[in-house]
Amino acid sequence: MFTKVLIANRGEIAVRIIRACREIGLETVAVYSEADRSALHVRYADEAYLLGPAPSRDSYLRADKIIDIARKSGADAVHPGYGFLAEREDFAAACEDTGITFIGPKPSAIAAMGDKGVARATVVKAGVPVVPGTEDVGNMTDDDLLAVAPQIGFPLLIKATAGGGGKGMREVKTIEEMPNLLKSARREAESAFGDGNVYLEKLVTGARHIEFQIMADGKGNVVHFGERECSLQRRHQKLLEEAPSAALDDDLRQRMGSVAVKAAQAVDYLNAGTIEFLLDKDKNFFFLEMNTRLQVEHPITEMVTGIDIVKEQIRVARGRALSYKQEDVKFNGHAIECRINAEDPYNNFMPSTGRITHSLIPTGPGVRVDTGVYPGFEITPFYDPMIAKLIVWGETRAQAILRMRRALEEYRIVGVKTNIPFHQTMMDSHRFMGGQYDTRFVEERFSLEEAEESRADFGEIAAVLATLAAHKQTERSAQIVQRNERDASNWKWVGRWERMHR
Amino acid sequence: MKYITTVEGKEYTIEVLDDHHIILNGKTMLVDFVSVDGQPVFSMIVDGKSYEAIIQEGEPEWDVLLRGRLYPALVEDEREKRLKTASGGAVEGGEYQLKAPMPGLIVTVLVTEEQEVTKGQVLLILESMKMQNELKAPRDGIVGRIRIKAGESVEQKQPLLSLH
Amino acid sequence: MFTKVLIANRGEIAVRIIRACREIGLETVAVYSEADRSALHVRYADEAYLLGPAPSRDSYLRADKIIDIARKSGADAVHPGYGFLAEREDFAAACEDTGITFIGPKPSAIAAMGDKGVARATVVKAGVPVVPGTEDVGNMTDDDLLAVAPQIGFPLLIKATAGGGGKGMREVKTIEEMPNLLKSARREAESAFGDGNVYLEKLVTGARHIEFQIMADGKGNVVHFGERECSLQRRHQKLLEEAPSAALDDDLRQRMGSVAVKAAQAVDYLNAGTIEFLLDKDKNFFFLEMNTRLQVEHPITEMVTGIDIVKEQIRVARGRALSYKQEDVKFNGHAIECRINAEDPYNNFMPSTGRITHSLIPTGPGVRVDTGVYPGFEITPFYDPMIAKLIVWGETRAQAILRMRRALEEYRIVGVKTNIPFHQTMMDSHRFMGGQYDTRFVEERFSLEEAEESRADFGEIAAVLATLAAHKQTERSAQIVQRNERDASNWKWVGRWERMHR
Amino acid sequence: MKYITTVEGKEYTIEVLDDHHIILNGKTMLVDFVSVDGQPVFSMIVDGKSYEAIIQEGEPEWDVLLRGRLYPALVEDEREKRLKTASGGAVEGGEYQLKAPMPGLIVTVLVTEEQEVTKGQVLLILESMKMQNELKAPRDGIVGRIRIKAGESVEQKQPLLSLH
């Protein structure tokens, strides 16, 4: 049983994992890039080692250095978090080869599920329904894909084989625009995952993105912890998740959960994973892909089940049986997560960088914030713009929404722009309140500007506030000028000196 | 000091009398306006109502983020504004400088010098925070000098190209 | 049904109540003293009105002004929080007379339970066991009390009739020291509650302080939400509470709970209240007093029951029935609260004032922080030194302790001294871990210095840290001197001028 | 610079070579020591171990709050310390000034001028934050001048009385 865990990640998820380790009594080893010397994960860990310069490929993607550090520091386990090396079977295999426990699935399962083409083929064999698309293929050329596309039909999606998080994903409406989109998808996939392979998938319209958290131990137990509703996305990036989904009833939950378990069993899965489904308007569901790692949005499942998923991951990685059987998993209340990104919702969600000068985190009953930033921390352009996750729990969905509203209103971050106003507007949207949305809602039927117009108008107050702030600034600069005048007293001195010498 | 402040197309005449009194559109009001911890976070109590906003100077407007909504507010000195109006208003058009909104890597430049572009057309792609961001033309125009090329790293606010 | 609530309090509890109101959709009115213009409760409320100068008697104790503000602002309900006016029946009555709902019990119940003498007499009549002490008496003189004392026996406690929070409480070992202690107890009670009346009570040794949260609606339902273990006290001030208590089993919990309900019924109780018991070594329990208000430590009950007590208070005050029957109240896991006080644990817990310059709040799974302070806020000497409550939940007591340890280690407050190191040492204490403690533990069997000696020693690291900090400061001041030398260039200017004029 | 730093009775000789190197008791070490957000919160990585502490200048010791424990550390310039030792050490005793540890109200003064007191004896009671705090004699001595009286408000660090 391992006793020291190296966390091969940064930001909020590194902090999350360090917390779990500390609460179990395991020692923690952080790794960091030059940009992250004062990051929270470095401050909280028992040990910390520099990886290299800020760019990910020189730091957090340096599998070789990370394994060296694990060896040198005596870490006998590695938790990869999400992103970076989390779904790289070569990394998982290298850990195993070095005698280090990889807290996650076996390399073979990562390989099978990580390559989206193989994943589809595998689950199809196990009888799991999939979205129509390119099957059984690894490295298809652009020509192959262009040939296959008309059989799948438009609109379709180009997706990165090594993908996740919407990176390297493109929507294609016609064959004509496909060559250019293939190029840009491959470019983005290459830059995000070091792997430019892509595949095609039919675009299911009006669908919801529903995912199931599963957990498997080495004793043959595979359990699901219920679903997460992840339909609110922009550019295939999740923005807000909730559990449970308003679209599922107990029967559907049970059926989808069993399929999720079956999909995991098909690759002899171990540890935590997520099965993503598309659920169409008629409640048909299709396997999309499996994320063979801890998911960003895992806390909402923790809030409604009371299960600490990271602690269970560690437990299972230590060779012990799951603490819960399927019948022990009970759902209580409703949880929502808003991803707080450093980006400007009023300027096309452009990423925003800078030093956080002030921060006030919402607290109180039913509120959880997972973050890796604090006042004084610098948001650099090198990493993901997600700087915090605001998670709330309520007895009902309505109570969770009301609680999220008050928490968002309390949250202050100064120094970078954030998408908090986007989430505030979403919480006031009638469509969202009614639970009536699909994966295209944000992009096609939600306009921040329009939605804002229907909200309470404080234009007059804003005018007074702006005027007083401007007035204060004018006064302050006037004072500085005056002080400079006083201080620029060399000439007075000179004058005095002259008089003295007269 | 007397100001004319424009928010969402509406003009407000606001005279600041002293630290606690203003005249808003002719009505005298008692205001209690303080900065929290020296930050651009401001708390204002007026008529018993408590408001808090993040207020930052933009160009040319002040950005007031209040109760989950952004109010860009143009604050003008009344005298200046009158002079400007008398002289026939600001000059429209002219050259536009596209600057990098954040540090990053230029992935592609999609236009060439002297090319005609329309409002909303993508001019170039800038990668930052693992995202590819499209920088678009803010208005119709002709591309002037392009100062960068694909593969180049740029600093925040670095001029990328001009539009005339 | 009221729609706008005035919160007649400050600090974390005012923030807590504003949050509950906001989550229900009620408007909120804050009141504040001159010292609190930028306090969180003023920033978070919809409306805010100045009460007066900083001292409580000129601000938060000004019942007349508060009722005026409620009337003027249209607030149709008042939540008193705890302390200040919370247990003043004249204030509750004045609210009622003005047509404002007082979110709390009826004035008659406050009167009956607020006067500790009457309270004891009332519950004795209802068959509830009490600690021996002065019975049926209101304004006893020092002479009366000195006469009665020997009948009760020593050691005994002097307690403030209007009391709570250990204020005006004194322990008396002999009759000789009693006159002086009476004087100081009365003085403190007078200053804290504006009422110098005191009574006597036998000191039960080796006892635990166990309290039951009860809740009563106007429909005849009285329910208890289980117990809180509050034995860890210093100078009769609670420092740390947990739920459930390690000393209770289900049977005892049920018996004590029924007695608590009976005590509440004896005064026709309405809204939230707490029945305090002493539990001796032989598991005999005695009614101590009833707190006719929301308790500081209510969050630990919220964490183990999932019930939002403040929302229930509002619900009941609006004339509706309780959301829970006794059988709906389920207990899950374990919660601990550490009171974070601005005081110096290394200097006799002396209160510490100053401006908070930096603050990093622990977050993540199972952690809740209720606080009214933030970086930039000034801790003044006018109010209670409690600046935050750190509350954690765990599946088991052991997990809660481990989680509290990591949360305390993460917590940073700079600008005032805090008792965080005290709590950290307590979490490492074997006696605490074993749940083996009574109300005298902190004062008699727990020494911060001794306990620290048994913990890991980082003396060498501390030496390096101190040296580097000192070195940095020396370097910095050297630089400032150099810069001043450069800037003090008047003489150079003068020199140049002279040369020019030569 | 060479320092002799005393923590819990143990002396450490620490030479600061440059920004990243020190010699601790003869052993050269690589240290990475930074202040977090310009605060007295310091992060130090040494030999891969990550430590964080709140470090504040006290009188005369530096207070290092590290992993839930306070380490008062006396940092002395080696040369100064040698000189001091040579001159026979610091002068013991002398006058002690009792200062108000926080602003508050003097409730009672329990001693009179010229009274003999013993270590730990309560000298006066100061009310602050609704608590009555006993200020005690740090050593045996005789009460000198008493500068305040009951009922008086005092500022932080205001001299209250002296002890000789």
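Side notes on the structure shown:
In this document, chain identifiers A, B, C and D correspond to the written order of the chains, with residue numbering beginning at 1 in each.
Following the convention adopted for this analysis, a contact is a pair of C-beta atoms (placed from the backbone, for glycine too) under 8 Å apart; a residue touches a chain by one contact, two chains touch by 3 or more.
Here the structure is a predicted model, which means the values were calculated and not measured.
C-beta contact counts were set side by side for B-C and C-D; C-D has more.
Subunit B and subunit C, compared by their mean Cα positions, are separated by 46 Å.
Between the Cα centres of subunit B and subunit D there is a gap of 51 Å. Per-chain CA centroids place subunit C at a distance of 30 Å from subunit D. Computed from the mean C-alpha positions, the centre of subunit A lies at a distance of 38 Å from the centre of subunit C. Contact with two or more other chains is made by residues 44, 358, 374-375, 409 of subunit A.
Of all residues in subunit B, those touching 2 or more other chains are 36-37, 39, listed in ascending order. If each chain is drawn as a node and touching chains are joined, the picture fits none of the line, ring, star or complete shapes. The chain pairs satisfying the stated touch condition come to A-B, A-C, A-D, B-C, C-D. Partner subunit B is touched in their complex by these residues of subunit A: 56, 167, 184, 187-188, 191-192, 342, 346-348, 350-353, 357-358, 381-385, 408-409, 412, 414, 420-421, 424-425, 428, 452, 455-474. The touching residues of subunit A, counted against subunit C in their complex, run 15-16, 19-20, 22-25, 44, 299, 302, 306, 308, 332-333, 358, 360-361, 363-371, 374-375, 395, 399, 402-403, 405-406, 409-410, 489-490, 493-494, 497-498, 501. The part of subunit B that touches subunit A in the complex is made up of residues 1, 3, 5-8, 10, 12, 14, 16, 22, 24, 31, 33, 35-37, 39-42, 44, 46, 51, 53-55, 57, 62, 64-71, 73, 75, 101-104, 107, 127-134, 136, 156.
Put simply, subunit B touches subunit C in their complex at residues 32, 34, 36-39, 43, 45, 48-50, 52. The residues of subunit A lying in touch with subunit D in their complex are 29-30, 37-38, 42-49, 72-73, 374-377.
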